[in-house]
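You will see chain A twice below: alongside chain B first, and alongside chain C after that.
Now for the complex of A and B:
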């Protein structure tokens, strides 16, 4: 990392600390060498963490290690994605519980061991201290984010006739609008886990509340003798956040009628609300243009979030977006605002997924974007920044472009950009798509190298990913690695996915292989059988049964193969004729006519069409005693 | 972890049902004496729920060492001082006392390996990398100071202090305030009296063999204060040893640091003996004494007595004394 060197490079020159030189000695020295001037360099100074950062820059990622927050133990590390989620959530909840205890019993946690002082470890005051009706009490409630208590205090203040300062009113309105007139969730109270819906990420807030008619914010607003732009801003933004879009626009009209000028946040909020108030694309665009013009008139300077919300609104306008997004980019450049990752993400989506024609020629856009962003490290400026990498990788996957995929990944590895991969869901999307792209396009050695690098430390592949891997193995005919892959499938918890297991078995059973490979396959097959055996609810299918039997036969495990035949009967599945004839061959090798006869009887019981053939073969090849039919 | 399976069996009391008991010891992380090999029967039953509703026990995954590449970057696996983790160190270590007719226990779950400090984070490769990374913080050594002797001569006062690092909420350590100041007395400008006085003042802090005076200050709470105090002490000692107090004139023979032959009993004795031997009686006694003192054998005798008294008695010293005595007494 270049950071520590920069620190030192800008070092503050302190006055040099010269150690004492004994002047007498200098002249009395008996050295006959030339007396060079002793130049003592000035001591460099650096900030407190520079040494640690320099040492940390010598360390790279360990490819087999799990994320650092988990215990590094073979029993305690999460092996499947469900475990990952469970462990990280449980850690967080434990931490929240501990914080709750510390905060609710501050008298037990007075001793401060940490030097220098760590404020996070000491109890925070969560209980109200001031009880009397005063402005300080109101401020305290606001800072502790107790919405209902603050509203109550405000009402009491008004009733008692005390004037509340404009500052405090602003803060109060901000508070109420932010939390939609409800108390925010306190730590320690049970929360419902937010289940991610696969279709969209809109259902993220666990307290999705809607703006009610005439709630406290509006009431207080209407009671205010004078309202300035800031009050309007709080209300409008609150309304947009909690779904009252039309009202937000009405309030904006109100603002204009009062000849006040809005600030940039109001415009951002209104722009992002446009798709919800107008249904037709033309109208939407007109409204956006109107808002932008008004912004210009009121001399409000747009910022990055403005442009991002315009682009986001345009996403919903399909064909219009393509025409207008380049213009927006030009405007941004003209204003000197550097686009953030969210901007690029909107553009990519607009050009690739919303337009009717998206062909390989459009990859040029992605190429340009990546070339421009090469080597830059980003900070998060917009909440939608985290969607960029997943979208870019999706594009590469859909267009099967490996080069660009590698470029995107190299961008992720620059500096701190990995932080912009988002939470575990986004990260799983990104790495899953990257891995799929590799499986499709790359040679198996490279695929295996990446596999060992990102699984399972960064990615827990889903069954589709594993299937792609199996296919890649098949393409490059490295089927001897299948038993290791099966072990991984088991540890990932995908051994209950029937179609995955069946594909694995069919790949194993398809061709003949060398002896030790067959042995390993047979062991694997037995493993699969035992896994299935523990799950009586799962249904065996004919193909999997027959595959297992074939594998066992090929490895000359006759007894186990006979057990398989028993299973056929138990599960009411019919073995194929080919299977039985191969059984017959095996019986011939082991020279057990008794078995052969049983075989024929079995096939007769299943009333297979090949029964007469089998009987004939048995008669021909075996010496039978009178038990023959 | 063991509680799931053992709910059913606890009701049987402490009967050691062999199958379950084996499982229990296998799945708990017992320490040190795990000589028996855990059979792999327990960890096949992972994932999915049995129809009886009893979830099978979650066995251990395979340790990370299986997946480590041979050419991996070890400095990334152990970047900082951490306790020993058996599933992250790919070495087949054994440690512990072999219980009779056994071998030292393996590394899995071995408390002995966890207790001791390890230097897995400071392999030579790691140290090389750290040195490279720390080079920007260092300044160049002055090129003129290339020998130790020059450094001693130009910077005779050496200060030594220690910093302590430990894991914990506090970075302070009271032992970090100690300051040692070392200086060679030969580099200080002291004449004979000053040197002797200085030595008397410092006492034990002076090491005769290396001629180094060490002052250790730890009485102040901060290192800066201790450093200032040590410097102050040096200054004061220096100036005080140059001062001559009036009461120093009362220094008796018993206070002397080394033996001087003038006016000692040895001188008196030898002169008396010689006088009695010669007994010529010419001139004054005082003149005769003066004359005798100027003689060569007497001087030699003086030297030998002084070396005997001031230095360690050794073969050569004794022989010298013997020779001198013989010469003086003409024996």
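Now for the complex of A and C:
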């Protein structure tokens, strides 16, 4: 009906404009047409970093430069992983010290240069200002995370008969349970320990302080006239966090008896505690399933962390895990919860757990997961997210699957995914595994391309990694690159690793090469010698001494080689007969009978079995004078 | 698919009929348009039928049915056309009482009887005759404008003779058309001699159409029932064979075969791979999507949430990779002035102030200033200047005005002496 009407209207609009008939219809028509024609574009809203983000996206990573954080300070130019750790720690601690100084002396920093004002640059108030007994004072203590002071204030308030609001009580219980009734280490206070590994340290802290019977949290909780689910939630989470698993489950039963319904955090905490309260795999799974069913009965929507903690608990249920983890993944998808990297990490670990017969089927799982994740950019949603890449690369390395390794790495390069590589330790693990995989499987040219890209800007290879690189060079017979690798070994601080250096020397000495290569090898060998000479503690091994001598001999550095022989004597090492015979050949080439005689004498001094033969050769090949004879 | 086919057939039939009916209305005013649209209906319906045909190409047994449908559609179309002819007869009857028209009528009725005699076997003949009729009508059209004016009064008088012709026509038609139609036609004929024929004829025609559509619909349904039954047989036989090969065999382009196999093998691969993750799920949670998630998002973050977020940020690598990223980090931490992204940077205080506060400042002159005279004049100039100044806030503008207010109050005596401060 509408369409003919429109047509009529359109007709009138076209022809009947002069007649001015049916003006209403005309309006209706033009209105409906304009409604279709104009599409109002959506307003584009920029966040305040938009311009900077656009600029930042134009900057590429420079593989030859130090990490950006060290570029300001020429003293902080890390060449090894140890230096990297040390410098970043010192940088952090310097910042923390400055912050502490500013905050503890606010009177000295009253000048405000910034216009408009920048509040962050002004000293923060870390000291308590409110002294009287009031709820505000309690709130202040809670916000400054002063646990014992807050508890004290709460007690005083109770004694004076002042009622504390439910919200403040929740906050107080949260605070006490989070820090397990202990004052947290305040940020900005001077510390003797390092701060760059806060997670490890904090975890240690939390493990150290265990939930005590009748601590302040429980005491306050028991004193409460009425308890709601939030109070239970705080306590149960605190108990699980600090290792009182059985207590947490008791409290949960208490909550159910009081006809309250738990929230999702309680369930998450309880599920993660399951492996500690049940010993048998079946019982563990039964308890998890029961908790999940209770969630559904109480109309609690599970979230990502729920399923991640289920999977984490399943990791300790060995054989059941393989059955149930795919089902859990499907359940997540059915509920519209996007799995995070941690989810996949758990599944991978479950399927590769203790499976010595990691056949193609298991790699297919990794392949599946990677296919699903391809091209997606992630944000960190779960603390275990940062383990994914290292785990996936480990699987690739274990199964020697180069193709999947590249896939994993391409996933890292998507968007901001590199942030999920985790801290420097995790990152080193990941890149180390990737590099080892490359050395094992890839052609040497590609390996060297990657080597120049990630070493040392992203990875400081460990001695094992360097050994793998040497082996890769050996397999593809590119031993002429050894001197440059030696330079890298030196700059990475691995020149004191005896086995690595010996590997290098033996590779250099194994075969004869062209004159140029021999020349560079000899220079390299001399360098090795000087490095060893600087460290008197390092013991020379016979093989390395003889390797260096041979290298020098091959490069016609007779004098240097002769020095090496003296070194044998000094270090009480015995050169091999083969070395001495080749020495003799070199002497003959340079026509120095004197030296040959000395060689024989030396050999006699070492009481080598080859001495007579050497002497014979000397007599035969050199024209000796009487004295020498 | 079969259901879809039948439905499309039905729909197109109905549609064409509706359209047709609509044009019967307009037929009175414009013969030509009616004829044109009447012609236009045919391609429409045949087109749709052809579409259906195309869709069913894959199944060989279907083609018979499709052709069946086609012929059937043709039959119905022919029926429609005969109806159309009848309608035109009536129109012309109404409008012209000339001998010419009567001649034409007799001719057309003859055509109809011819059609009736030959029956369905000579459908093509009928079609040809109708085309002749259409052309004759076109010729007629030229005469109409003159004749219609002349015959306006004559029309009334000649109704009786016209009726006679009509009954003849009806009887002639009765041989050709369905018994239902005959009944309808006779009913229409019986009511015709009334004086109110101008309105009633419309109604008759409508009614007739309605009956027609119903009858045709019934016929269609019956035919379709047969059709469907046939198709079911075809389908059974089709399913017994492996369908992909069948499809490929009847694919028009040769490429289909290779491509199809590629896709199926790919599919098989995917299925094989998917077997690792069976589609089974726990089935604990129901799939309700309620708004609880939003509620929790709205709630204030607790200490646990803050601590969790802090933990996550410590775990991930947040180190800047270049100077810009460092500046982003500083901006987020609040250490840096934010980079301007629009023209309103630094105007956050003024964002809530509407523009008229800036522009219309005369209201601030109402108290404390004289109503006229040089001071007032001066102040008006000041206000105009302020209104055009984009660099001051409203508060600053007000301050500026109030400074003058104080100033002139202080100088009131001096001004009064000079007789310039009025009021």
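The criterion applied here is as follows: the second predicted complex is superposed on the first by the 540 of 629 C-alpha atoms of A that agree within 3 Å, B and C clash if a C-alpha of one lies under 4 Å from a C-alpha of the other, contacts with A are read in each partner's own complex, and residues count from 1 in each chain.
The criterion applied here is as follows: contacts are C-beta pairs under 8 Å (C-beta built on N, C-alpha and C of every residue); 3 or more make two chains touch, one makes a residue touch a chain.
For clarity, every value in this text was computed on a predicted model and none was experimentally measured.
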Task: Could you tell me if A:61 is touching chain B, chain C, both of them or neither one (first, second, both, neither)?
output: both
- request: Give one of first, second, both or neither to describe whether A:365 is in contact with chain B, with chain C, with both, or with none.
  value: second
Query: Should A:116 be classified as contacting the first partner (chain B), the second (chain C), both, or neither?
result: both
Message: Looking at A:50 after the superposition, I want to know if it touches chain B, chain C, both of them or none. Which is it: first, second, both, neither?
response: both
- prompt: Of the partners chain B and chain C, which touch A:89 in the superposed model: first, second, both, neither?
  reply: neither
- prompt: Which of the two partners, first being chain B and second being chain C, lies in contact with A:338: first, second, both, or neither?
  reply: neither
Message: Which partner chains sit in contact with A:493 here, chain B, chain C, both or neither? Use first/second/both/neither.
response: first
- request: For A:36, decide between first (touching chain B), second (touching chain C), both and neither.
  value: first
- prompt: Can A:77 be said to touch chain B (first), chain C (second), both, or neither?
  reply: first
Query: Can you list the residues of chain A that meet both chain B and chain C?
result: 46, 50-51, 55-56, 59, 61, 114, 116, 118, 121
Message: Which stretch or stretches of chain A touch chain C in the complex?
response: 46-53, 55-56, 59, 61, 67-69, 114, 116, 118-121, 170-171, 174-175, 178, 198-199, 234, 237, 264-265, 289, 292-293, 295-296, 301-302, 324, 326-331, 333-336, 361, 364-365, 367-368, 380-383, 385-386, 418-424, 427
Message: Show me the residue ranges of chain A that touch chain B in the complex, using the header's touch definition.
response: 4-5, 8-9, 19-22, 24-26, 29, 31, 36-44, 46, 50-51, 54-65, 72-75, 77, 79, 113-116, 118, 121, 452, 487, 490-491, 493, 495-496, 527, 530-531, 534-537
Message: Which stretch or stretches of chain C touch chain A in the complex?
response: 273-274, 276-287, 289-290, 292-293, 296, 302-304, 307, 311-328, 331-342, 346
- request: Going by the contact rule at the top, pick out the chain B residues touching chain A in the complex.
  value: 1, 29, 44-48, 50-51, 56, 58, 60-64, 67-69, 72-73, 75-77, 79, 85, 87-88, 126, 129-130, 132-134, 136-140, 142-145, 149-150, 153-157, 168-172, 187, 189
